[in-house]
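I've put the structures underneath this note.
Here chain A shows up in two complexes: once beside chain B, once beside chain C.
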Partner chain A sequence: MPIATRKRKADSTTASADATSEPQRKLTKVSKALQKDSISQEQAALPATPQTLTSDKGMDSDDDFNSVASSMDLGEEMSSSVDFGAGESDVDIDDDYQDDGAFDATAKDLAPKRKHFEVEFKVYSPQDIQSQQDTQIAEVANLLEQPSEATAILLRHTRWNKERLIEQYMDNQEQMLDKAGLGQEINQNPPRVVVKNGFTCDICCEDGPGLETFAMNCNHRFCTDCYRQYLTQKIKDEGEAARIKCPGDGCRKIIDAKSLDLLVPNELTDRYHQLLMRTYVDDKESLKWCPAPNCVYAVECGVKKRDLNKIVPTVHCECKQSFCFGCTLPDHQPCPCVLVKRWIKKCEDDSETANWISANTKECPKCNSTIEKNGGCNHMTCRKCKNEFCWMCMGLWSEHGTSWYNCNRFEERSGTDARDAQAKSRQSLERYLHYYNRYANHEQSARLDKDIFHKTERKMTLLQSTSGMSWIEVQFMEAASQALQQCRQTLKWTYAFAYYLARNNQTEIFEDNQKDLEMAVENLSEMFEKPTDQLAGLKVEMMDKTTYCMRRRVILLDDTAKNLKEETWKFNVELR
Partner chain B sequence: MAGNKRLMKELAENQSTPPPGCKISLENDDDILLWNVTMTAPSDSIYAGGNFKILIKIPKEYPFKPPVLNFKTKVYHPNVTNDENGSMCLGMLRPDEWKPPNKISDVLKLVRTVLAAPQPDDAVEQGIADQYKNNRKEFEKVAKDWVNKYAK
Partner chain C sequence: MAGMSGKRLQKELAKIQGVLPPGITLVSAPDLQTWHMDLRILDNPLYPPHDHYRLKFSFSKNYPIEAPEVVFLRLTTDPRRDIPIHPHIYSNGIICLDLLDAQGWSPVHNVESICISIQSMLASNTKDERPPGDAEFVRSNRARPRDINFLYHDPSV
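After this line comes the complex of A and B, so read on.
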């Protein structure tokens, strides 16, 4: 069973190498949110076809089929990404083919239909991101007739909004340059280090002969040592890159990449460019870094913030991390971001402690100390104020007269009210605990399944060497393990989702789907725990179950996502 | 290191021709990174008559990082924290505003200006800033009380 049908264009460096010269560029391949199972055999056999695939020339390899050959430059590619904007959002989200006439009929028929819970996204390597920037800079530089260093500063100033930059620049060139921290005469005087005699550096007060000095066009001149140290501190300690100003008092001129390269050692230039790259991705709403530790990839996705109540944009990085593009938390389908945030907060903060207290304790009617009943007897004596009262009616114990130990004032109004409040509180707590326990259970089980898999994997290796089973023959275990992880992740969040659902017919369908998936998962999980010697015999059954689990998961997710998109779910909280 | 030559020079300058209203000495003779300043408030300000002890801690990275200022004398002022630190974080004293050519004498001039003319929109003590804006009389009364109580 293919774990991933995605491929990526391995040689993305070529793309960056001829970034400036070649207008027709190949993007790193478009990967689709795809299920790692075989939804259907035919689908699995197909490569994940990008939506914007054009029948452009020059497709000479397998990889090219998966890559986007676009006649547009990268910048336009970015802005032309799918917009889930309000109003048109339904059309955009629902449009599985984004028909631009690029597909011929057969391609269209063969293309796997995008599920409701899948979103379109692309994964970029650092080289891709660099070349994107380079292309945009080159294009705008050409248009504005500014050197690329200055253009880069201008673009960063407008947060890579080309249209706005060009408009403002054409409107008032001088003002724009000034605001972005550039001088007028940027075109002349390439940056260089000058040896000046009789010069005193304003920073270190050195004035020896042969002092190397540097200044940008603003003419705030300092010795290169000080300049270097200043830049080092900004980059290394403060993590600053795009907005490092000239060290001159009150000067707002931004240091350009060329000047910087001239002054600082290589390792710092690397860090500088890394930071610039970071701001590039941070500046773009459609780009996000993969949150996995040490992962260098960035993901592009067109889902806008305002649509997050209607879609849960799970994306899959090259590093195998699946995360939500909206909030960068690990995949939490089918639960939308707002509810995830609410749920996590609810589980974290101790509002539940308060809930527990109100469900399980009462206050002493005299001194208001919180009291938990610790025995069956209704005769309570407050530890603190020694007040004696009846747990049932909260009245004074002495007033019970002779009917001690048998509260006969049950129907009294105050007593009824107190009991109602108590019951309500208890009910809401129980409801929460119902969902929380199942949520937490799947989280824990996923961990345990993984442990078992690791143990089994070792056993399988052993088995492999003793029984002559080939490596490929034991891969069903890996597939089953993956399926379990993925399904439990989904199940976990179905419980958080269900907690916020208002009850109606839809919730019943949802719960049926949830139940089906859960049963399938528990079945698979049980087989998974069988002793190693039985596993070989269970192979076919396990493979079937794995496929079944994944299919149930897709059904559940698809149904939930569809209703979410159509805004037909009724929640018991506001999606804010 | 680069800072040392400059710091020696600054110290010498500040001691021979101190900034207006300031007296500067080292807290310990062998530590050039800890300066002691006694600042006399401008006579036309509400703090007139007050002498404020200010400790200047100079970071090792100076002049690439700004010095840190602490009022050792309690002062009722929207721009000085009302705690044992008496910190001030304004204009060039902010790490992102600080430029290496800025000098300690510039800082002291700034501090004395701010002492005379508080900047409530950039306050560290919001309560005092609100009072300064809305109830100037009460503010001046407390400020003067504090001068008499702590700064004389």
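After this line comes the complex of A and C, so read on.
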């Protein structure tokens, strides 16, 4: 694989090197891209499917690139590559084409512009993450002239912030080493097991001759058995790795990988490195584990926390899971994370209760406490604020004069006001329920769609045997089913989004888009109900409808994301 | 691994059956799982010098890699043997001390050093009070002391 795997700027030297070394290959690449483009123009509008660079070579080349561009600021590099605008910079690498390896200016021109709702991201396998760490460690180790084990500890200490580490290290080497839990002369003193006679281990009180002992450079010496047990306990039972301290009382020295390898059995070192990897991803803001159960991949995305009000960074893992990089919840475009959190919370404590409240209660016209009248006369006294009012007209009881227990004061002012206020709160409740019911409906339907998906599979087999179609020819069913699920997921969140949206001209466009998608989805959904023998004849229609659904979805998402980015949406809550 | 605690505890026992610092006495060590120790606080008016406080040590087979469980016991037979009042000691005898937690524990510690730590924690105390939320904690806590996540927010006491 050539070095310029993901070139950001057309570097003339590397580009020409590419051209000369692999002209053939480049040609096929371009034609492949072309083909892809013409076959499925619609598909191109689908969210990009990322391809992992599983080969270490790919990784290396990427890091090479970074190290060429700026010797030691990977963090900087990544943040500068965050790009919300689709086409205005030279960064737009469409993820669709990442698997094509070297693609250059020619291929780039063919690549479609990135949509507003798409973000740039990369999926890494555990091997990728490991080599990423190794490269960074090697790089910094070189610079600091520290062994790689110590460098790893230093880097973990500064949460993989190279610049900060180097700066602090150059500032005050001793202090930095001490803070990170390292000693001075780690260089001269490689870890080794020593047999010491006349030694008593402070842990097991063993003092026999020929006792194997170990100590880090803090000189807290214990027998290797105890050290091993201690480390086993830490790694196995407590799940610690990056910050295991010396067993000595109050000692802050951190055990390094080399010493650990020396002391514990292999299966434990595996676990140790696994845990280290976990802390690496957890430590970096630009990396997140895919939240799908048992998924081993991590995703890198440059979207920062502070930008989450302007973008919904949905990423797609190798394992097919689509999730939001901001909050790791399942894909919730077009609704920004804050609103999602609010909405979920609101639904948790409100929805069903609200239904009942709406049907069975009224509110005190003074303090708005919710009151259920379960018998008795119309003379109400609010338990909370002691306000006396009439249940029928909601007016002040004192204004009822002598016509007690028989409300005929329909025109009283206080009553009208109270009814107005109540109507208002009722209205807001109904507004919420309006959106909630639609949200819940799509959630429910999405669940049913899962069933449809399984039915689809059965239908597909059936279709193959009845119509004589080949497996590849019945794939349209699966495509349709998946489109359906995706669109429902989007629709669901448009309702949560709409709930928080303040009404203006923009919202009308939004609602039109929403309506169009909704109709397209229902139309497609309906087709699944058709008997299997008709399906073969409906293939074209189904494919058309699938395509249309996906197109409507893209239109809706793109428009919403664009306005979100430009901050033209007005919300009826603060985005906090 | 089972033998880990045995040898060490035997050695410790041999040592504390000899000389112990003033105010610390071994009450009983019937086996290598549970020991009882008594503490006296010598120079703090909050704790009369003749009051004894009973500590119960429970050792797992991973001791000393794992910290022992240490709690105060209330002896109903002797009213002077109550659980000492201290802002880090709950009235059910559970002690909030970083030393006894997985993070603060070091296998270098032993029964004697724990006793000394607790003794000095009491000796330096000036507050005649239980931890905040004591009643609620005592009523609701069912977890073993080692599984409780204490917040060591106050290193001064």
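The rule is short, and it goes like this: the second predicted complex is superposed on the first by the 405 of 576 C-alpha atoms of A that agree within 3 Å, B and C clash if a C-alpha of one lies under 4 Å from a C-alpha of the other, contacts with A are read in each partner's own complex, and residues count from 1 in each chain.
Please note the rule applied: a contact is a pair of C-beta atoms (placed from the backbone, for glycine too) under 8 Å apart; a residue touches a chain by one contact, two chains touch by 3 or more.
Please read all numbers here as calculations on a predicted model, not as lab measurements.
Contacts of A:472 after superposition: neither chain B nor chain C is touched. Of the two partner chains placed around the shared chain by superposition, chain B and chain C are both touched by A:226. In the superposed pair of complexes, A:206 makes contact with chain B and with chain C alike. Of the two partner chains placed around the shared chain by superposition, neither chain B nor chain C is touched by A:540.
Residues 202-206, 222, 226, 229-230, 233, 238, 247-251 of chain A contact both chain B in one complex and chain C in the other. Within the complex formed with chain B, the residues of chain A that make contact are 202-206, 222, 225-226, 229-230, 233, 238, 245, 247-251. By the touch rule above, chain C contacts chain A in their complex via residues 1, 4, 7-8, 11-12, 62, 64-66, 102, 106-109. For chain B in complex with chain A, the residues that touch the partner chain are 2-3, 5-6, 9, 61, 63-65, 95-96, 99-102. Of all the residues in chain A, the ones that touch chain C in their complex are 202-206, 220, 222, 226, 229-230, 233, 238, 247-251.
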